[in-house]
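Here the structure is laid out as structure tokens; the discussion comes afterwards.
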Amino acid sequence: MGNTRRWRRKAASALILAAVAVTAAACSSSSSSSGGTTPTSSSTQAASGTIKKGLLVYFIPKDTQNPYEVIADNGGKKALTELGGKVVVSSGTADTAAAQIPSIQAAIQAHANAIVIAGNDPSALCPSLNQAARAGIKIVSFDSDVTCGSSPDHLFINQANTQQIGESEVSLLAAEIGGSGQIAILSAAASATNQNAWIVYMKQELAKYPNMKLVSTVYGNDDPATSLQVLQGLLSAYPNLRGIISPTTVGISAAAQYLDTHKNLLSHLTLTGLGLPSLMRKYVEDGTVAKFELWDPGNLGYLAGYAAASLASGMASLTPGSSFKAGTLGSYTVLAPTAGVGPSVVLGPPTVFDKANINNYHF
Amino acid sequence: MGLSEQPEEVPRLALDRAAKAFGAVQALVDGSITLFPAEAHALVGENGAGKSTLVKILAGVYQPDSGTLAIDGQPVVLSGPVAARDAGISVIYQEPTLFPDLTVAENIFMGRQPLRAGRRIDRPAMNRSAGEIFTRLGVALDPQRQARGLSVADQQIVEIAKALSANANVLVMDEPTAALTSVEVERLFEVIRALRREGAAVLFISHRLEEVFAVCQRVTIMRDGRFVRTAAAGDLTIDEVIRSMVGRDLDVLFPSTQAPVGEVVLQVEQLSREGVLHDISFSVRRGEIVALAGLVGAGRSEVARAVFGIDRRSAGRVTVRGQVLPNASPLAAMAAGVALVPEDRRQQGLVMDLGIDRNIALASLARLSRLGLISRTRERDLAADWANRLQLKFGRLTNAVSTLSGGNQQKVVLAKWLARDPALLIIDEPTRGIDVGTKAEVHRILDGLVAGGLAVLMISSELPEVLGMADRILVMREGRIAAELSRAEANEDLVMRAATGQLKGAAA
Amino acid sequence: MTSEPATRAPQKREYAGTDTSRRPVWQRALRWETGLVVVLVATLIFGTARSSDFLNSTTGFYIGLNMGEIAIMALPLMLIVITGEIDLSVASMLGLSGCVMGQLHSQGWPIGLAMVAALVVGALGGALNGVLVARLGLPSIAVTIGTLTLFRGLAEIVLAPRTITDFPAWMTSIGVVPVPGTQLSYSTVIFLVLAVIFGVVLHATRAGRAIVATGLAPEAARFAGIRVNRVKFGLFVLSGVMCALAGILFTLKNASVSYDAGTGLELNVVAIVLFGGVSIFGGRGTVIGVVLSVVIFGTLQQVLTQMQVQPEVQNIIIGGLLLVSVVLPGGGEAVGRLRARLRTGPHLARAAGTRRLAPPSSSDSSMQSEEKK
Amino acid sequence: MTTATSVLGTRFARGGALLRAREVGIGVVLLLVFGITTLHNHNFATANSVQQLLSGAALIAMLGVGETLVIVTRNVDLSVGSIVGLSAYVVGDLFKDHPGMPVILGFVAGIGIGAVIGAINGFVTAALRVPSLVVTLAMLYIIRGIDGLIVNGVIITSSNIPNAFIAIGFRTIAGIPWLAIIAFAVVVIVAYAMRSFRSGRDLYAIGSNPEAAALAGVPVARRIFTAFVISGSLAGLAGALFLALHAEVDVTGGTGYELLVVAAVVVGGVAIFGGSGTVAGAALGALLLNTINQALVASRVSAFWNEAIAGALLLLAIAFDRWLSLRVARGLRSAEGAHRDL
């Protein structure tokens, strides 16, 4: 399975590279073609130099119930409130692309100015998003990117550099377990784009630690109960497991809770990953988890909100190197497309939380 | 035996002029019966005379539309089965109502299980009591076995045990002997006599008049939902009873055109079905009616099912007009010209919720279709044609057949099959649950068909029908043909004796 | 009369809402469908009142796009429910067939061949259901809960954790563009064509009569030469194939497939079929009703999403509609029963839990009791 | 006839023996799975691992008990999973809003929520005579919707819940997890009641032959209503325990449990069309399914195979049941046939 997967991954990367090449070409042409429209509008915008009032931005999170997404959505609302616009949060109750499509359609029919979406599927949403783009709606993705190639053009608000997260996760764990032993990954859904992207970089980084062996990747589907069940199976299958990386807020919290109630495991097992400080505070304070990292999802949504509003007002573009202002977060520069990721901005480096600083964060 | 009627005594139970209608059908017009303590009282009447409705009223299942019921002289209203039970009435239905998943003892004591401290069921006591009842009945049934898989006779025993355990002083037995062997019947009679000695009143319903005279002191006769008369058994003869039941002479009921008997249509050779049928061989010719007679459970309907292909036969050969029928294929049988009017009209014969037209057309759809589409016009025409030919009484052809009376329902089943122009008609219980008038009509239809060259294999539990209609009678007993009787030699006594295994020298 | 012990479990029908034996089927059906039309019109008026441009062709296109696959799966399920069975494995089969198609395509199979393979997988899965239900006589609800898990598990084996996305663009455009010359999505057109075919088959052919008769009176159907088991087997295979077709469309529409495609849709499909007036006890149901039900669900979803009604409330509304759809037809009878209860005291009501027990409301009950001699 | 049939019949069909055999059968399979897995991976038999098996199965077993009561009456309750989710969240929410709330009140609240929903299910099913499959399917949607409205994207975490409550989720007594003890107690109590009280036997009678049950004076509607209330209450209790076990809950709590529970119950030998089966069997079925799941992971079988194997096992269990009953029936028929030959 691992082999095929790697093969698949390579093939995919090759495809994506090819796509990127095309995109890059298309971008230059599209920037010139969009340059036909954008400069005119931006020239008028530039004259006032402000973001339009009364913008309507649809935030389409993975689902309406994920706490992480809710915090991000609230960040977006905050941004649009500052800008005198309005945010509508719309999605399904389940993490499926099918449940998000009606929300995209609703955005089109409501003549929204921009859509900010966290994709449940890298490509299933592309057809719908294309329709939205054709209707003149600016597309911003955040949290989990959609990989539609060049169509539609969209800006990805990257929570943190994908590669950086993958690497830092591994190095955090390596530092704690002395760089040797069996480790495992407790992920969300097997089809989650961001998870899989991070895992790719984790594996690359692991090559630097010859004594650390990734024995298994299990999927908790971002459901506490499933996460617990697969974790238990993992522990049973690999009694000598030294470390677990759970790059999902639900997974790490479920795993921490289990370790918290089975402290005997802590003598040889270390947990790290991506978690919300509010969920993890208790476990950091009582020593169950030493370190984990994350960015502020509220800021992520806030940035996405500003990016969407700026794009819709012609105050920002997808051109690499261009920049826009994001309220209290300062100014951001659009990065050039890289393998698998189109134009993007990065929120910033993730924060590593530990006993010393966790009480400073309240998301 | 003698007459034990004591008019001055207060009857244990008196039902007076009870009536019950279901929609347009008046099932019971005048149900009246009086039971005294320590008597066995027979209720006789033809199918459809209203006996079962009367029984269900006594059981509290139906509430009569009018009429009164008194127990020990006190008027009562039985609002449900529990009320009837509390009033001391126990009903043993002809169709046993057991819980297949529970044990025999639990079946007997359901809802009345003996309790011990804390309202818990006292299983040992329950099993012991059940065992005692079986001892009293003289049967060896294990109280702790599951009811699933009990033979019909054993189920009947459990039903009787249920009634006995309830200490009922009125026992209603709706055809309890239908499925019993003669030994079992005699044992049951002993039980009834014992119950009578203990002061209970027993209402005994049976079609076997000799049984009625063997065990009962008084007889009540019903016809067409009405009370006809009650008399002491000693004052009646079987003939009188039959005349009262039928209300006319039998000859009128059974027209008999002698049709020329032609070539063999159905040839059955060594037909067997494991555990059910053994080595059945017979033939039916053009223009004759062959009747399968025998007790319930003797395997008559099973022969029909195996010939038609509903049941798989384990051995033997069925040939229709020289063509060997493949096993278990009703379609092949139909194609060969076989039609089966099954015994259970509601479950097997008709789709009750569908219209008259659709039911009639159901077996002829291929003929009514053009390019795979059913022509509604031709369907209606076919139905209208047969409804007319069989003088069906109905409102509209699209009305559900459930709105029809039993007799008209049977005509719909007949129409469905006759529309296929069959060579062989297997008809199982042709007149069950049909009023007397329609009954004669059905007989006339059959007679006409035979005269027209149809071969008919008829199964009937009604001896007069068998004797009146059939050219030859095959008497079945325990899955075998016990005797073959010609129309000339057959009489009620002979058939019954063959059916119960008391006929010496019969083929077996 | 048979020697078969009478203790054999009676009909598995539990609580029929109503005793309908007195009114012809079509009259009842008509009444239910009239109700559906009213609900639909109300929904449309509501939607238009909220947003003046609700009633445009784009809305219709979206409704079709969102409901297409569910609607296609609802058609064979309707027939299965009419025969008195159920198929809960539909959404899993959608996922499995999509995964098979995706996997084969990614391995270099031509897309057409991969689609055929998906349909074959659908037929095989349906045949498995069919064998277990029709041949072995197992309860379809338990069997299809089992195959629901099995098919989804097979999809997981085939594809997880990958997502296949590299489908030819000219095929995946069916998720974006309408059928040329119309404003309808491809899945809508396919559904409408299928609905017409299913309608004709159900209402005007021998097969349709066989299906209805099987659901209303399986024994009578057998005695009329209908091969009840074959009918059921065929329908399960048909269901498998249709679900595979839905899986193909679902995959192309989304331009991607992963093992969890369509998870949980089975409940939506069942809800649509039941809301369309198809009786869970079998024997009753019309294609028109199911089509109306599909349109109502789709329209409602659009209206509510555009009104920014939370998805949770949408769930509540769906559940409520489903509940109403079964309670309403039985409502009249229930009131009558309550009245009877008041009249005759508590005993009757205590015995009233099961159907065909308490005072029979139709003439046939008397016939039943009279003829068992 | 009577004698021959009953003697032979006894050997084939004595109810209790057959059912006991079924439970023994599940037990044997359970031990086999356990033993083979342990050979493969010695860690599977450690105290910790066994505790996990028991705790993991406890919730489904408890739901299985309630579901058994309902299925035995020829109904089905598909709303249990959503009740677990709602109950777990509401109990958590109560603890969050009232930090000093006694632990026991959490359970009372959970059971109360379940009982109310069970009463609605029971009323609509029994009094309005609507098919329970549709009723509880509709309730599944409605409860999930209500749950979502209450949750509204907020997660209840372990810091919101009293430690004494969480302790129930992982503490053990003599090595046995609390959860398993509670589930065991529920199984024992209900099993005893189903066996030893008239009302319990009534449930079997209703499922076995509803018409005969009414004729025997069984209050059918009331019993069905009660079965749903108990099923709902147990689901509510399971919800509270779900919270204790996971110490956090969001909107996904209990998702998909309904089918898992039906599967466990069917594997445990409860006939889907009513009349037979025991709560002990259902609980063993839950334990078996959970053990198989864990065994697959412990045997390092790819997680992707879990679901397919679980589905196949469920089908096997149903088919095996059918085969068994056919064999019994055939045995009886040839027994009667043999008699006829006498």
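The chains carry the letters A, B, C and D, assigned in the order they are written, with residues numbered from 1 in each.
Basically, contacts are C-beta pairs under 8 Å (C-beta built on N, C-alpha and C of every residue); 3 or more make two chains touch, one makes a residue touch a chain.
Predicted model only: the values in this text are computed from it and were never measured.
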Touching both subunit C and subunit D: give me those chains, sorted by label. A, B
Could you work out how many touching-chain steps separate subunit A from subunit C at minimum? 1
By mean Cα position, the chain sitting nearest the middle: C
Just grab the chain with the largest centre-to-centre distance to subunit B, centres being mean Cα coordinates. A
If you tally contacting C-beta pairs, which pair wins, B-D or B-C? B-C
Determine the centre-to-centre distance between subunit A and subunit B, using the mean Cα coordinates as centres, and give it in whole Å. 75
Counting only Cα atoms for the centres, state how far subunit B is from subunit D in Å. 43
Nearest whole angstrom, what separates the Cα centre of subunit A from the Cα centre of subunit D? 39
Could you tell me which residues belong to subunit B and also touch two or more other chains? 61, 80-82, 98-100, 148-151, 276
For subunit D, give me the residues that contact two or more of the other chains. 144, 148, 208-209, 211, 213-215, 217, 275, 304, 336
Shared-interface residues of subunit C (touching two or more other chains) are 3, 7, 9, 156, 160-161, 259, 310-312, 315, 350-351, 357
Tell me, which pairs of chains are in touch? A-C, A-D, B-C, B-D, C-D
Parts of subunit D lying in touch with subunit A, wherever the complex brings them together: 41, 43-44, 46, 48-49, 52, 56, 144, 148, 151-155, 157-159, 166, 169-170, 242, 245-255, 293-294, 296-300, 302-304
In the complex with subunit C, residue positions of subunit B that touch it: 20, 22-25, 27, 47-48, 50-53, 56, 60-63, 79-83, 94-96, 98-100, 147-152, 155, 175, 178, 207, 276, 296-297, 299, 301-302, 308, 310, 330-331, 333-334, 340, 342-355, 358, 362-363, 365-366, 369, 372-374, 376, 398-400, 402-403, 405-406, 409, 416, 429, 432-433, 461
Mind listing the subunit C positions that touch subunit A in their complex? 51, 53-54, 58-59, 62, 65-66, 106, 156, 160-163, 165-166, 172-173, 175-176, 250, 253-256, 258-260, 262-264, 301-302, 305-306, 308, 310-312, 315
What part of subunit B is in contact with subunit D in the complex they form? 59, 61, 80-82, 85, 97-103, 106, 110-111, 113, 115, 119-121, 123, 139-142, 144-146, 148-151, 153-154, 157, 181, 184, 274-276, 278, 478-479
Spell out the residues on subunit D that touch subunit B in their complex, using ranges where they run on. 1-3, 5-7, 9-10, 12-16, 18, 195-198, 201-202, 204-205, 207-209, 211-218, 271, 275-276, 328-329, 332-334, 336-338, 340-341
